[in-house]
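When the chains are written out, they are named A, B, C, D and E in that same order, and each has its own residue count from 1.
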Amino acid sequence: MAPPATAVPADGLPAQPAPRAPQPATGSARAWRLALWLLSRSFSSMLGLALVLFIVTLALLGPWIVPYPADAEGAINLLNKLEPPSAAHWFGTDEVGRDILTRVILGTRVSLLAGLAITLAATAIGAPLGVLAGYSGGRLRETIMRITDMFLSVPGLVLSLAIVAALGPGIGNAVIALIIVWWPGYVRLAESKTLAIKEEPYVEAARVVGASRARILFRHVLPNCLSPLIVKMSMDVGQAILAVASLGFIGLGARPPEPEWGAMISVARTYMPDWWWYAVAPGAFIYVSVLGFNLLGDGLRDILDPRSHRG
Amino acid sequence: MSLLEIADYRLAFDTFDGTHHVLDGIDLALDAGETLGIVGETGCGKSVLAKSLLRLNECPPARVVSGAIRFKDQDLLTLDARAMRSLRGRAIAMVFQDPASFLNPVLGIGAQMTDAICGQDGAQPGGRRRSRREAARMAAELLASVGLPEPERILASYPHQLSGGMRQRVLIAMALAGKPALLVADEPTTALDVTVQAQVLALISDLVRSRGLALILISHDLGVISAACARVAVMYAGTIVEEAPTQALLAAPYHPYARGLIGAVPDLDRPGSRPRGIPGSIPSLLFPPSGCRFHPRCPRASGRCGVEKPLLRGIAPGRRVACHHPEGA
Amino acid sequence: MLVYIAKRVALFGLMLFGLVCITFIISNIAPADPAALAAGPDASRSQIEQVRREYGLDRPLPEQFARYVAGLARGDLGRSVSTSRDVTSELLRYFPASLELVLVAMLLGIAIGVPLGMISALHKDGWIDHATRIFAVSGIALPPFWFGLLLQLVFAVQMGWLPTSGRLSLMTIPPEPITGMLLADSLLRGQWSTFAEAASFTVLPAVVLSLPCLASILRVNRAEMVEALRADYVMCARAHGVAPWRIVAVHALRNAMLPTLAIIGLRYGWMMSGTVLVETVFDWPGIGLYAVNSAIASDFKPVMGVTLLIGLNFMIANLVVDLLYGVLDPRLREA
Amino acid sequence: MSTPRSEAVAAMAPLVEMRAVTKRFRVRRGAFHTTEIAAVSEVDLGLPRGTAVGLVGESGCGKSTVARLILRLLDPTAGSIRFDGTDITTLAEAGLRPLRRRMQLIHQNPSAALNPRMTAFASIAEPLVVQEGARGGVLVERVAALMAEVGLPGEFLHRYPHEMSGGQRQRVCIARALALGPSLVVLDEPTSALDVSVQAQILEFLQSLRSGHGLTYLFISHNLAVVRQVCDRVAVMYLGRIVEEGPADAVLSAPLHPYAQALLAAVPRLRQGGVLPSVAGDPPNPASPPSGCAFHPRCRFAEARCRTERPDLVAGGDGERRVACHAVAEGRI
Amino acid sequence: MTGSNISRRGLMQGATALVAATTAASPAISFEREGNRKVLVFSGGQPVPILDPHVRYDWSTRMMQQATHDALFKYVGNPPELVPWLAESHQISADGLTYTFRIVGNARFHNGDPLDAEAVRFSFERGLRINKGVAWMFKDFVKPENIRAVDARTVEFKLERAFAPFMSYLPWWYIVNPKQVMANQQDGDWGQKWLTDHEAGSGPFKVRRWDAQSIMHLEAVADYWKGWPMGADKRLAGVIYRVVREPAPRKAALQRREVDVITELTPDDFDQLKTIPGVRLEDHPGMTSFGIKFNCQRQPTADRNLRKAIAHAFDYEALLQIHNGAARLQTSPFPHAVRGHIDVPGVPRRDMDKAREFLRQSGTPNGGIELEYVHVQGLEDPRRIGLALLNSLQPLNIRVRITGQPWPTMVQRGSKPDTAPDMTSVYVTPLSTDPDTVAYQYHRASWGLYYGMSHYQNEEVWRLVDQARAETNWDRRAAMYAEVQRKIVDDQPEIFGMMANRRWAMRDYVKDFRFSPVRFTGEVDLYTMWIDA
């Protein structure tokens, strides 16, 4: 059962002035407070928020807080290679003597930027196409959706693997490949959401007053698609970070000496198990950031779209 | 002794904005075989009250503040979960508003009926378990008793294959499965078309009469109440403002809200009579008006109404009203 | 229904053709010279040219494309330049291994994900719910390649409980193939010890592969259960005094299982592609490993083959889910 | 209860004229098939200028489809619709746009009819922006005037729908509909989502608007009492067809068609306890309509002819009415 | 050294746990058995896609080819010696053009067919006609029609022109059974398709199970015509080659005694395995040279002074450190094991003053350029060396872009001077000990091949190489090659790197491992090995 509707302000009918009763705050201030309240009630969402803030902070402050900034730019120190964690090197050193802590922290920026770039670009491509497909219907929709289905039917990793193999390794190419496999998801989401919104009476009302298709799409449909899009984007930043790392692990990601987590693990696995610390730190950072973005997305979903429940 | 007695029952909902005082001191009593209608507008708490009788409100956010609900001298609010479950469907049964959503879309009617029939079997100490076959036979009988032809075919079908009226009859049949003493019907015809509504109301009235059931019928439609109930209670913002024999109330309401409500209903047979709305709108239950909850909209309100909550008191035989300045008084 | 299937299959054909186009374009962007790969490191210029002719790589691209599509129609996916074998027969050899892994992982995912989802929904917003949520999200967030390595180290290297990699130990003779899946074959042939051994080899990769699947199943199942438990029909069942376990396990779960089924179908396709990472870590001789090795060698025919195969699997899984939906959801059954 | 003014214009050509309009939809039937159902069949209906025509019937009878056909929010499958002399049956959206300002729609559920992300101001301003390109101070003034007209104080200007009550939202919707000075307003169950005390206010307001602006109403409702209060004429629909049409007072006090009779009898009356089922059974499924007269399986007057032959909507009774019933035509009722 | 101290700590923990685990969990595991005989399990990271000896070779493939086939000669020992195998004896005509071989009489193919002169002739014809794999060795010198089976046990080769290294390549030409091969021919493919995963040889082992990506099971031929060196009672039942792509599990498998011999480990792994009881390391100087080839035809590296500057700035110590000392710096373009090698004076070592001096004389006296360094994707050592290079050149203000590329892409790029990378890291394994094999890399004819990516241009060197390969007098040849080495060092077409040691780790019960540097890096001769336990 639904709790009773939240308080409504007194009707402005001319009958009688309503007595001043204490009223709950209205408007966006309340919406923000409600959002924060919902978020704070959920331990896992708060954890997600904290992890994301942690990662973002590291990415922003990285170059100023790492102990050995040169280690991300090609300095090597073979005499110190594969040292275990110590006071000088909290996470130990790698196979050419670089400080793993430094590289892992500076890798945050690489991964975060890649994740954001992929997600934003995929949304920018996918969401308008999806809204267009959902609203226009007919042959245009068929075409867009069939192409989308086609891309969706090749699970991303294999296709991006092929694309990066073709374009050559490098973080830029990995990002491009992942954008290519990522946008259809947004088409799907925007399309299904649009199909639902299209049936809303307020869209019909806009048609009745003679609003053009573009106006309906951008004023009515798109803003109301935003919530699920934001949720998906939040989660996808995490997944994109993981995907970039996966390509890096296969050997198709960043090129040395750029500190990229997946590539670090790719090298580190050669040194397992005896030099375990090498693989632990980058893996843990991937885990923490993906976990953070996903938990945050979960929390946002609860706030923005309590009824949505697709995994 | 009354079959059901609700005494100073208060229920609140805790939400982000604060505590909504949804039910504020409900006093009601019902004898066996009696029919009572509860009428009120959206958000007045009538459905919450109905669900309270079976403790179906989810806690939290709901929270019982005070009061008692006694069924045959058992306080429902203090029963343990198991005992409460054994009462559900057996002592008190419920029929809901939208038959489409209250039937499980992916379970067959047969399965849902037998579940309703066997539901309490495990709950009663020493109660025997009926076999599925026995239950199916009972189900068919029940369906026949609510006027559904070809019960076997209906048992084999799924909810979406039935029409709205048939679904509501199935729900009523399920409610009757435990041979309850009290039937609570929460807006049972709101989702139905008017021709079907008439059939269902007639059916409920028949069943109540033939089985000697007590009935609580919740509705926002005075016409429906007047069709099925001898007595009516008018609710406003979580309180009962007036309680009376139905026809007496319709003829001469004491409470200004009841009067306004009746006056707002357009009459099909008297097209000239202009229905009048009640100015203002339903108050927030988060910060309900002090004193009489109706006083900000009441044409008869005095200073006293803003500070002192009127109690539901007898004003004439069989009639109670909660107003400092009742009409015609 | 036959018409429906026929339509879908026709659509598959179209989509597969589109896929072929995409993969073909991708594989020809590369500046690599596949002939050099086939000819070997010390090959002279003329040797490379000869190999180029032999593989038809000297033809203009449109002709190569036409040949590829024509071959595809016959089920011929071309020849790998690094192994000089037919991609089709290689795929037939490697696919059962991947399928076995995916199926086991899926079973794991369902067996753990569904009950956990139920428990989580029943304790919505409680600490159990948060714990399972973090567990579920971890399944998606743990890099499989990293987690696989950790598991290997802990359970295989340190504890020695389970084997590190591969499908069977060295001296075990695999059962005569029926399905190509060792677990199924050893069962069918009644070779119990082989079955046990194959199972022990499957555990770690299957666990790693199942995690994202488990997580999605758990999350969807939880959300659907929460929804179902809030639904009117559940309140109705409660009002009739139906036993709580029955409400959860029958009334609510039946409704929650349909969307869960859809996510299982979707995940099947994703897991097929997840084999790329997991098989690399566990040396599992399946299509994922085949794809990685080929991609790293710039050997594109196998990559295209694997892409198409996974695409096909994905489409079939979707079709099966749709058909199952039609059968399981009474609302969609033929009137 | 027609006003003198509406009587005066009733003689002129109707504002809207529907001729044999049919609308079929494809619907999914089971997982693997679709089928076609006729939501509206061969409807002939005129909306005389300045009158309020009620359209009544049970859910799924096609009332709302008729409304959307008149507004050309749906394309008819067959038949023709004229709006103020213009055939709008096949008019393209561009040609339709100038007409759009003359026909407006009020939805059943005001909460859904307002974009949750637009303030009252934005919603009311939209038609003015779209149709007239109004902006700046002029726009603010005109919106303020409209709000005043529907009785909403200025502080509501920047409220979002969730910050208003149902009655207030419906007033915003009405203001939006009035913005362009329409001739026709289609009201699709305008009060069914409201409580009775609010419903009375809105109905009263709608009536004063009509007389004030000389509007033509198509008033769709399942509530006969409300229709009787608001409308001059009424059409009763059953399974996509009009079965009876005529002056509201006549049809709603002495209906001729057995279905209309049943409908009227089924309404619970306030001051007479108890209700008798006037008709058995449920409305049929539009996907498999009965042969002949669609009502015959539930009709106590049904004879062999009713089962095979569909009755046409012809003049019947006092001549002001049209009825589609063999029994009425044969004088059996 | 700090490194070893620290790694020892991690090692001790790991090792203790491992020993405990293995002894507790599976004390019975030692080696695989088949009846009374043992099966040797060898594990490496490289699959064996093609068994056909005339189509493909690399270390794992050739190890299998060598085990299942015989050739006329075989390289044995260190320094490698050419031992007659199928050829019982041979004669070379005075002009160096006619080679006559007498075939042993008792060799038989695995299916029982006798191995005769015709089989030898057929195998060479097949290799040349298929024109893949080994064909390049003889293609320009031998025409198939000029090989004759004189009688059942005599084969005669008539060369087009004198070719001094002819004999040195013969061990890589394996003899296949013509009847079996031609019976399985499809579309005139000389049985290539069939031989991809079948074998038609006469070698000490035959194939029992074949899964190119994961496992190859060879079974010893009980009555191998050449007999078994360790004695028939001690010989193995067979050999399993197990592909384990990751070094870590490979190492673990050795520690757990699941495999008996492993290779392809990091230097750190080897160092660590040294201390494990029951494990023996085989550590031998290798013949595979690692060098960084400059593109000598395209600026900026076409500038000899820049090349010299880079060569003097490069940190050669890093090469040794990366290998934990298990490597030897090159002192000449020729590996030490190649005949005619000299220590060329003036081979660059790190000297920043000289480097700056050369840079000043170059076209980019202040650096400020970026050079691309390409290595084969997935190879760990070249990547690390790339990092060392990047670090070394920072003082010269030269940036290095490290690119890992798949082999075919790298080869494709290197095939033309326009597209060849500025610097390419290349391993070269000479296929024979004849200096021609190495010297020919610097010949014009090698331009564009992987070892010729430097597109080195020095007509004098080219002339000397041509002369030397036709010269039959060794002393004269040696003098020419010494000159060649000096000139190449002077031109600096590459950074002369190092030869990493070849290393295997094996259980100590594995006997008679015989090293020969002319084999490939991980390759072993399975024929002599057995298990004593």
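Convention: a residue touches a chain if its C-beta (ideal position, glycine included) is under 8 Å from a C-beta of that chain, and two chains touch if they have at least 3 such contacts.
These figures come from a predicted structure and were not determined experimentally.
Undergrad: Give the chain pair, either A-C or C-D, that is connected by more C-beta contacts.
TA: The comparison resolves to A-C.
Undergrad: Tell me which chain's centre, taken as the mean of its C-alpha atoms, is farthest from subunit B.
TA: Relative to subunit B, the chain with the farthest C-alpha centre is E.
Undergrad: Tell me, please, which chain's centre (mean of its C-alpha atoms) is farthest from the centre of subunit D?
TA: So the farthest one, by centre of C-alpha atoms, is E.
Undergrad: Please work out the Cα centroid separation of subunit B and subunit D, and write it as a whole number of Å.
TA: Chain centroid spacing, subunit B to subunit D, equals 32 Å.
Undergrad: Measure off the straight-line distance from the CA centroid of subunit C to the CA centroid of subunit E, and report it in whole Å.
TA: Roughly 38 Å, centre to centre.
Undergrad: Measuring centre to centre with CA averages, how many angstrom lie between subunit B and subunit C?
TA: For subunit B versus subunit C, the centre distance works out to 53 Å.
Undergrad: Just the number, please: Cα centre separation of subunit A and subunit B in whole Å.
TA: 48
Undergrad: Could you pull out the residues of subunit C that touch at least 2 other chains?
TA: 30-31, 149, 152-153, 157-158, 235, 280-281, 296, 298, 329, 333, 335
Undergrad: Could you list the positions in subunit D whose residues touch two or more of the other chains?
TA: Expected reply: 165, 167, 201.
Undergrad: Quick check: what residues of subunit E touch more than one other chain, meaning two or more?
TA: In subunit E, 14, 246, 248, 252, 377-378, 406, 409 touch at least two other chains.
Undergrad: Which residues of subunit E touch subunit C once you look at their complex with the stated criterion?
TA: 14, 17-18, 21-22, 24-26, 32, 34, 39, 41, 47, 49-50, 55-58, 131-133, 135-136, 139, 192, 196-197, 209, 211-215, 240, 242-246, 248-249, 252-253, 256, 258-259, 377-378, 406-409, 411-413, 415, 431, 448-450
Undergrad: Which stretch or stretches of subunit D touch subunit B in the complex?
TA: These residues of subunit D touch subunit B: 1, 58-59, 165-167, 195-204, 222-226, 228-229, 249, 252, 262-283, 285.
Undergrad: In the complex formed with subunit D, which residues of subunit B make contact?
TA: 41-42, 163-166, 193-199, 201-202, 205, 220-224, 226-228, 230, 246-247, 250-251, 260-269, 271-272, 274-279, 281-282
Undergrad: Contact residues on subunit C for subunit A in the complex?
TA: It is residues 11, 14-15, 18-19, 22-23, 26-31, 125, 127, 130, 133-134, 137-138, 140-147, 149-150, 152-153, 157-158, 215-217, 219-220, 223-224, 226-227, 235, 259, 263, 269-270, 272-274, 276-277, 280-281, 291-292, 295-296, 298, 300, 303-304, 306-307, 310-311, 314-315, 318 of subunit C that touch subunit A.
Undergrad: Touching subunit B in the complex: which residues of subunit C?
TA: 231-244, 246, 250-251, 254-255, 258, 328-331, 333, 335
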